[in-house]
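Naming follows writing order (A, B, C and D), and every chain is counted from residue 1.
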Amino acid sequence: MDELDIETVADPDLRDPVLVEGLPGVGHVGKLAVEHLLEEKESELVRRVYSEHFPPQVTVSDDGTTELACAEIHAVELDDRDLLILTGDNQASDNAGHYRLTDAFLDVAESFGVETVYALGGVPTGELMDEYAVVGAATDTEFVEELVDVGVEFREDEPAGGIVGTSGLLLGLGERRGLRATCLMGETSGYLVDPKSARAVLEVLEDVLGFEVEYDSLEERADDMEDVANKIQEMENQQSGMPTDENLRYIG
Amino acid sequence: MDELDIETVADPDLRDPVLVEGLPGVGHVGKLAVEHLLEEKESELVRRVYSEHFPPQVTVSDDGTTELACAEIHAVELDDRDLLILTGDNQASDNAGHYRLTDAFLDVAESFGVETVYALGGVPTGELMDEYAVVGAATDTEFVEELVDVGVEFREDEPAGGIVGTSGLLLGLGERRGLRATCLMGETSGYLVDPKSARAVLEVLEDVLGFEVEYDSLEERADDMEDVANKIQEMENQQSGMPTDENLRYIG
Amino acid sequence: MDELDIETVADPDLRDPVLVEGLPGVGHVGKLAVEHLLEEKESELVRRVYSEHFPPQVTVSDDGTTELACAEIHAVELDDRDLLILTGDNQASDNAGHYRLTDAFLDVAESFGVETVYALGGVPTGELMDEYAVVGAATDTEFVEELVDVGVEFREDEPAGGIVGTSGLLLGLGERRGLRATCLMGETSGYLVDPKSARAVLEVLEDVLGFEVEYDSLEERADDMEDVANKIQEMENQQSGMPTDENLRYIG
Amino acid sequence: MDELDIETVADPDLRDPVLVEGLPGVGHVGKLAVEHLLEEKESELVRRVYSEHFPPQVTVSDDGTTELACAEIHAVELDDRDLLILTGDNQASDNAGHYRLTDAFLDVAESFGVETVYALGGVPTGELMDEYAVVGAATDTEFVEELVDVGVEFREDEPAGGIVGTSGLLLGLGERRGLRATCLMGETSGYLVDPKSARAVLEVLEDVLGFEVEYDSLEERADDMEDVANKIQEMENQQSGMPTDENLRYIG
């Protein structure tokens, strides 16, 4: 295998497509968001990107068959314009790999006519939350203004430390190619996989791109996660000898 | 030396050979299994693969002479079909090295006409065991069915995290070349070198490939390991003040 | 993007320029020093150096726009001779990257006619200080003597462990190209960003290169840091139950 | 600078030279041994090897001038045959770097006609010692026998884990080029720089190569180290409340 190996699975014509990225990261917000889009909308796998910059690893499916670590790019046809969705199980394993893989992703996107990139992710707040703001960063001030209009927050010094990995480079390398790019980051505790944060990010995307999506299955997933979070809370309380809601019923 | 340097030691004609890999890994199951095959069957060293992706290291033999870190490929002629056995003391030291070495191993295998690959390894259970199931993963569903027929277990979400290193890539890169490949993983505690797990894996291989092998020397090694495990257990018990089998005799 | 990508932003003619480097390091002394020069003097950005040896990262500005990790080279025109100032937010992420980036910086410098290099940095003393000596090292004994004349101290075995990173290689690789180079290191505790140490280094540079600079804004920054240092001191004293200056007033 | 840059400083004709390597390692035994040879015998620097596989670093001399990290090869003319001595302050920083630098060292050695290589080092025993055996390993059994004749010990399973770094690869890569190579390892505690172990290794080299060297300066260095070791011992004893030899005199 070469350092990078892009497998062409399909080559549909897309109408004015934008690239939407959701790779693993804080709270798995970006990955959850694009996975939900792929579940809810009809999609077609168009490219697989293999690379020796991914971990030396296969995943095992439920039927016992294996798949080599790769990133996948899917086409989703919407009413007004189409999406190219980039997802996968891995970020690059090394510094140069981040640059080379992101360049490969942008090459594919540009070959489909992409001019705008949405990198989706999470921004850690360190505490459990009820309201999920979406924090943004973008390659130019016009794009910033457009996003402010749909409720995205731009905050000084946030995210502290900048944006790292593929999401960051989609903006950094995208801008150098003359693309417009933004990173939309849902607030999330940072401790758990966070479907509610993923919904907040997707709702921004609906507004910006003019499409609609159902959230039932994502809400179920959010409820499951809430159960997990509550159980953890309970166990911690029991260890510290404090009564939980559960305990209180028996006292009463 | 080049990045990869394949030394041709012999070039026998092999009948319908399969590649069997056993490099260091969980419980050294794969390595023990192929070492046992090489002890029990007549074999011929056919290739040494040197690489700057291996550690910068020589091993010292009992006669004081040294050998540069390498992987070895041996040919074993059986009644029905032949084996190419890949073993060695090291995995690659870096991410890209895993990909490049596995590609080199597959190049050698294909040059001998190999169409099927068996990667042998262990899957950690975290507890000492009496029965040793063999868990599998394979490149296609037909191969999965063949292996189910000889008792290999295919389990959802196992191994969690997929299969990493050379074993994983033999499947991932093998499939991309059009080879059939499986990883056969003997259950093992993960704490100790495990000859019994190696035997379980070899017994599957006997069934699939139609050959037979003696296990006396592997059983001796298993008994040695059991003595070690018992001593560790005893020491732990003495430290915690609990009587061991040994102690009980003296009490009686 | 290539491994190294040097963007030409401007190409002014410079009179007898010297290269002055201030990248992140001990006490951020070098970076503070060159940032202060860029604030106080008129300057022009002449080059941006992008590289996959920098972290895969964008920083986010106060207006919400992003910038890809890079090093910047600015031209500053002084009365007698001009400066090329190298700064940025990152050192290289890997060993070879340090060599390749430093070579790129020296290529740019030589294209402007630079023959002398001043690497600015800090040397950690492990204790808070009142007086800030500047310790030096240089590529040749003549240069050492020149610097001794303006008060730079050259001490046996200091800095212990030599000079690492871009500063070190500007001397090591610079000398191999026939350039004169020195590293001027302000003494600093090593615990805090240290504007006073940066001033000490700049004052040496003023003497050597014959220019003058105001220090008001750097002194403000030093006062801010002193407040921070005092608060840390106070908190530590309160924890250990010892009275601080603040407490003593209330006792009286 | 290229990945590897070999600077030719001198090109003397040497009579039947052998390569003697002493880079930093366990107890600095190898480096001490070759440094002592260079102090006691007339020598000429013949090559400097620079590489981006060395740390990005300059060392600072007592006169304040700097030197880029490199390895040095010196020629020493003895009565019967000459030596090429490889020394320096660093091993390679990365896996591939060890292979590439060792190949470069062997290229230089072969260009001078070297057919035999002596890698000098230490083998850690974990305890302070009175007698310093020299343990060996070599590329062929004849060489092993020659070294047994001069008192080198060859022990099963020692050094456990083989020989790593440049010393190991001089044997591993040397053998692949058809060179004879040995690693002579002085026993050493592994805790301290060990001039006595270095002497033990040099005495073997004297026997094998037929030359003589004075040990006064090395003995002084050993005495200094012994003082250091005694002080550490004393401090430990005082902390544990046990009397030292020193204390006992005062008690009496």
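Definition applied: a contact is a pair of C-beta atoms (placed from the backbone, for glycine too) under 8 Å apart; a residue touches a chain by one contact, two chains touch by 3 or more.
Since the structure is predicted, the reported quantities are computational estimates derived from the model, not experimental observations.
Peer 1: Work out which chains are contact partners of both chain A and chain B.
Peer 2: none
Peer 1: So if I superpose chain C on chain D by CA, what angle comes out, to the nearest 5°?
Peer 2: To bring chain C onto chain D, one rotates by 90 degrees.
Peer 1: From the C-alpha centres, identify the chain that is farthest from chain A.
Peer 2: Using the mean of the C-alpha atoms as each chain's centre, the farthest one from chain A is D.
Peer 1: If more than half of the interface residue numbers appear on both sides, call it same; otherwise different. Which is it for chain A and chain C?
Peer 2: different
Peer 1: So what's the Cα centroid distance for chain B and chain D, whole Å?
Peer 2: 38
Peer 1: Using the average of all C-alpha atoms in each chain as its centre, how far is it in Å between chain A and chain C?
Peer 2: That gives a centre separation of 38 Å.
Peer 1: So what's the Cα centroid distance for chain B and chain C, whole Å?
Peer 2: 54
Peer 1: What are the residue numbers in chain C that touch two or more other chains?
Peer 2: none
Peer 1: Please give all chain pairs that are in touch with each other.
Peer 2: A-B, A-C, B-D, C-D
Peer 1: Hey, which residues of chain B end up touching chain D in the complex?
Peer 2: 1, 3, 50, 52-53, 55-60, 62-69, 93-94, 97
Peer 1: Inside the complex, what are the residues of chain D that reach chain B?
Peer 2: 92, 95-96, 98-100, 102-103, 136-141, 144, 154, 156-159, 161-166, 168-169, 171-173, 175-176, 183
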